[in-house]
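Look at the two complexes coming up: chain A is in both, with chain B in one and chain C in the other.
Here is the complex of A and B:
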């Protein structure tokens, strides 16, 4: 018996995890795909019946879907742009030996380890429109007051800022690892040749860090595009649907209106978008990195 | 020489100011929330805020533990976090070993694709299946659903750590007549303790912080901490003190773990990201 396991350990070791993943991920995904082709609605009480691509046609025609589509991209772009710029700069800044580096790294890591819902609640306190800290800060330094998450115009940037505050640490840590792997002689050569720190950054460090930036950018995209916790906790998609991203839209259709069929088709579309953009980014990365 | 030295000192000062500013942006909100959880309703709104020297009020913590069963919620979160991590390790560790030693790179690609899926797209079927089985609002449903996130995480991280252990060790052991399972249990696992620590921390915190799955699959009996936070918000009225006290309870473990085990977390994060 022992020998049999040893000889076939390859499959014996992988099988439990594989069976679990198939049951818990592949089967549900196939179910979601199947649901998306039905008119399943818990409220009507009827058994779901096959209706082909009707759900997909309905969402592609619906202005609500395109509104959410636009918002999701707006939110994702804002958050990722801030995270990447600040993350790379920060990583370059603290990527040297100085006293207290360990402490600084620990502090930077803190927001990332916290529950997004808790972070959302924290920022609700700062964003409180009448007497919150942010509006006090804004008026003190001479900026106009803002409604933050309670006004339609400012809700997405306000949410993106919280996402930025919480998730930039991940970019910093990964970029620092990328920097540590770069050959030192390039940096030394640049300094010997009389390059200023700014020139070294743009001409040497940034190009060499590009593969890392692509990888972490893609990872961040995948997470931010599907972001749920933070937005749901802070606004539930409001005010007046101004922050209803695709993921929140799918959640509402399923658990507020019980349109499981329609919700499944939205989720399938989200997956296709994420897959397509990830694939395109990988292609682009290979092209840019080769040159 | 003097000028060069002066320039260097100024550079150093600017550098430390920049680093201090960054730390402030992170620490200040945490400190602010922490002290606000000890203030009464009216004081929370006093601007400019009183950062020190106010009289602390413990009523909010008393309220959430005595009236709101936060003790139970902590137990729920801990049970789900511990068991989902434990079971995920049991499934994930051997798989990571076999995947690495046999070069099954396709399975890693599968994990990557699974990461692209919106969690909602397996939550919906989970909800359906678990309600058919009468498992909504049980620990079982929560543990199983959290494992969907932690098993791939553990396989992904441990594959990287095991890759760092030379294959010659396995070969030497098997030639001497050691079975693969013994070799795995008594040679490989003891050698990647720090990798296991990293996987355990990240998996447990992932479960502890999880909101979306618990929002749909938990109920009055199994409610976990993150889900409870939203109940302090009803319309425009937010009971700040109570909510912030609850928020502090949710984030304390994450902060403690980060302070103690920063190195492990960093190694896990970089191992996870660079491979992609």
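Here is the complex of A and C:
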């Protein structure tokens, strides 16, 4: 026994994690994939039977799916764009040494520490159109009142803003780590050559920070694209279907309409989209960084 | 090594002693019950110790929010080896799916139990508690849901108004008390796509419309169109701006914050509206039966929640004892004054109930129960009920958004009706196959 362990010790060490990974990650993915090829519908009372790609054909033909598809991308890109711009700027700003830096960093990090559902509930009070804080703020600074999460046109920007408010600190942390790792001599050389702080930022810091921005951008993409808790807590996909992202759509098909087969196929498509975009981003990152 | 082993052994023994202490084994049977965090569970908890002591049955009561409870039940039952004995559920929403999958034990042989007094439940709508396709009763109805109209007595007094009796009067009252400039709106009814369907149903029937007629969607009919238009006009013009995402809980918030003068919604709202801890207007709540439309007043009368037995229960006798207790007169007398009226006829002569309810509430119930309606369910009766609600709800939302004037409303309702017909066909319930 001891000899066997000595011969295969690296596998012995890896085994617990490997078994855990297989059970917790691979099995659910394979099961979802398998369910997506069946007509599993609790309302029929029949046992699930294999129906090939019928679910995929149904969802790809469904305007509801494409509506959710568009909304998911709109929400994701809006949130990520705001998070990356604000995150990088904040990171650069607080990367300098100044009095009270610790306090500022802690305050910026606070939203990140809150649970998404609690954040959603809090912002629903802020967004309440008749007596909420946001409309008070809007009217005080001379802007027209908004329906925020209760109007079709403003619901996605309102949700994306909450996502941005909560998750920008994560971008800040990663970008600060990236900035700390940048070689000082490049910045000094730029200053010696007479570059202004703005030129230094755009011509030196930002290009060197690009790999970090790509990485955090990708992480945030995966996270926002599959966002569920915040949206479900705030609007449940409404008003009408105006904020029904792909994940909410899949949840509704399964737990409201009992169509588990169809829901699995939506989730599989989400999985493939995330995988494809992650892959493309990595490729792009390598290309950009090489240049 | 030996030392390590002995330490581990001691830790294990200590742990087993500590954790074994937590679950005191009783001699009698033990059952597991899934319920929801609401007044019904407060009622159960109020008398649970007494029940456990008298029956010798140990009850493990698990409480979840309404949506979580459904999800918990579905995922647990789907595994096929659930240890649940008794559970609460909403038969209107889940009886079809649950019974199709064999998750509901028929109760016929238990109903003769004299301790239950099944005759006392004669007001319970039988269709809602019967397992579809059979004559078997699948659950004990716990409390009903009807629609009532709540209004601010101080506002009505200020303008010298009486609760509106019909839709013309309703609009008149709305015009008089609506004051958006001061952040005060005349009325709130549900505007959230799925949640609104039940509360919109009395309006639908009041204009002679209905969800389904002769096994086909009736949503595109003239009556249904007029009703949807009216609902849109009412909420679009006289409800607060956030109404499109407003479901049950927002009705309470809007009334309790003094934002609206009237709310038309379920009777379950009442307890929160008159609770001084929840509302600054708790002593200014009037209640009346809903106003009538051109075709009369048509509140629904739903079996809101019921208690059922899981067929896989290993303690069916104990489970039945517990079910009798949950549907019994003590819990009934506890929940009825809280706006969750029991189906037990005897509850209205129970002293505890008589002394706890205001005369206008009793009158509102009496008026509501006196009406005859086809809108007993308040929902489209079909297997894919949730999906159909979402489809039709979408058109109603559009009507509210456009204050009932939207040019696409008719087209949207026709489209929704066609989609509902497709659903009926998909589950073999279309036309003459309709068996609800």
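Assume the second predicted complex is superposed on the first by the 283 of 291 C-alpha atoms of A that agree within 3 Å, B and C clash if a C-alpha of one lies under 4 Å from a C-alpha of the other, contacts with A are read in each partner's own complex, and residues count from 1 in each chain.
As a working rule, a contact is a pair of C-beta atoms (placed from the backbone, for glycine too) under 8 Å apart; a residue touches a chain by one contact, two chains touch by 3 or more.
Since we're looking at a predicted model, the values are computed, not measured.
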Which superposed partner A:62 touches (first chain B, second chain C, both, neither): neither
Chain B versus chain C as contact partner of A:235, first or second or both or neither: second
First (chain B), second (chain C), both or neither touched by A:106: first
Partner chain in contact with A:51 - chain B first, chain C second, else both or neither: neither
Which superposed partner A:95 touches (first chain B, second chain C, both, neither): neither
Chain B or chain C, by number of chain A residues touched: B
Touched partner set for A:281, first chain B, second chain C, both or neither: neither
Partner chain(s) touched by A:178 [first = chain B, second = chain C, both, neither]: first
Which of chain B and chain C A:154 touches, first, second, both or neither: neither
Where chain A meets both chain C and chain B, residue numbers: 128, 131, 255
Chain A-facing residues of chain C, complex: 70-71, 74, 78, 96-97, 100-101, 183, 185, 191-194, 240-246, 257, 259, 383-384, 386-387, 390, 393-394, 397-398, 401, 427
Footprint of chain A on chain B - complex, ascending: 15, 18-19, 22-23, 25-27, 29-30, 32-33, 36, 44-45, 47-49, 90-92, 94-95, 97-99, 101-102, 104, 107, 110, 113-122, 124-126, 128-129, 144-145, 147-148, 151-152, 155, 174, 179-181, 184, 205, 208-212, 215-216, 225-226, 229-230, 232-233, 238, 240, 243-244, 247, 250-251, 254-255, 257-259, 262, 265-266, 269-270, 273-274, 276
Residues of chain A defined as touching chain C within the complex: 42-45, 128-131, 145, 147, 149-152, 235-236, 238-241, 252, 255-258
Interface residues, chain A side, partner chain B - complex: 2-3, 5-6, 9-14, 16-18, 20-21, 24-25, 27-29, 31-32, 35, 90, 93-94, 98, 100, 102, 104-111, 113-118, 121-126, 128, 131, 133, 136, 140, 165, 170, 173-174, 177-178, 212, 215-216, 218-219, 222, 226, 228-229, 232-233, 247, 250-251, 254-255, 260, 263-264, 267-268, 270-271, 274-275, 278
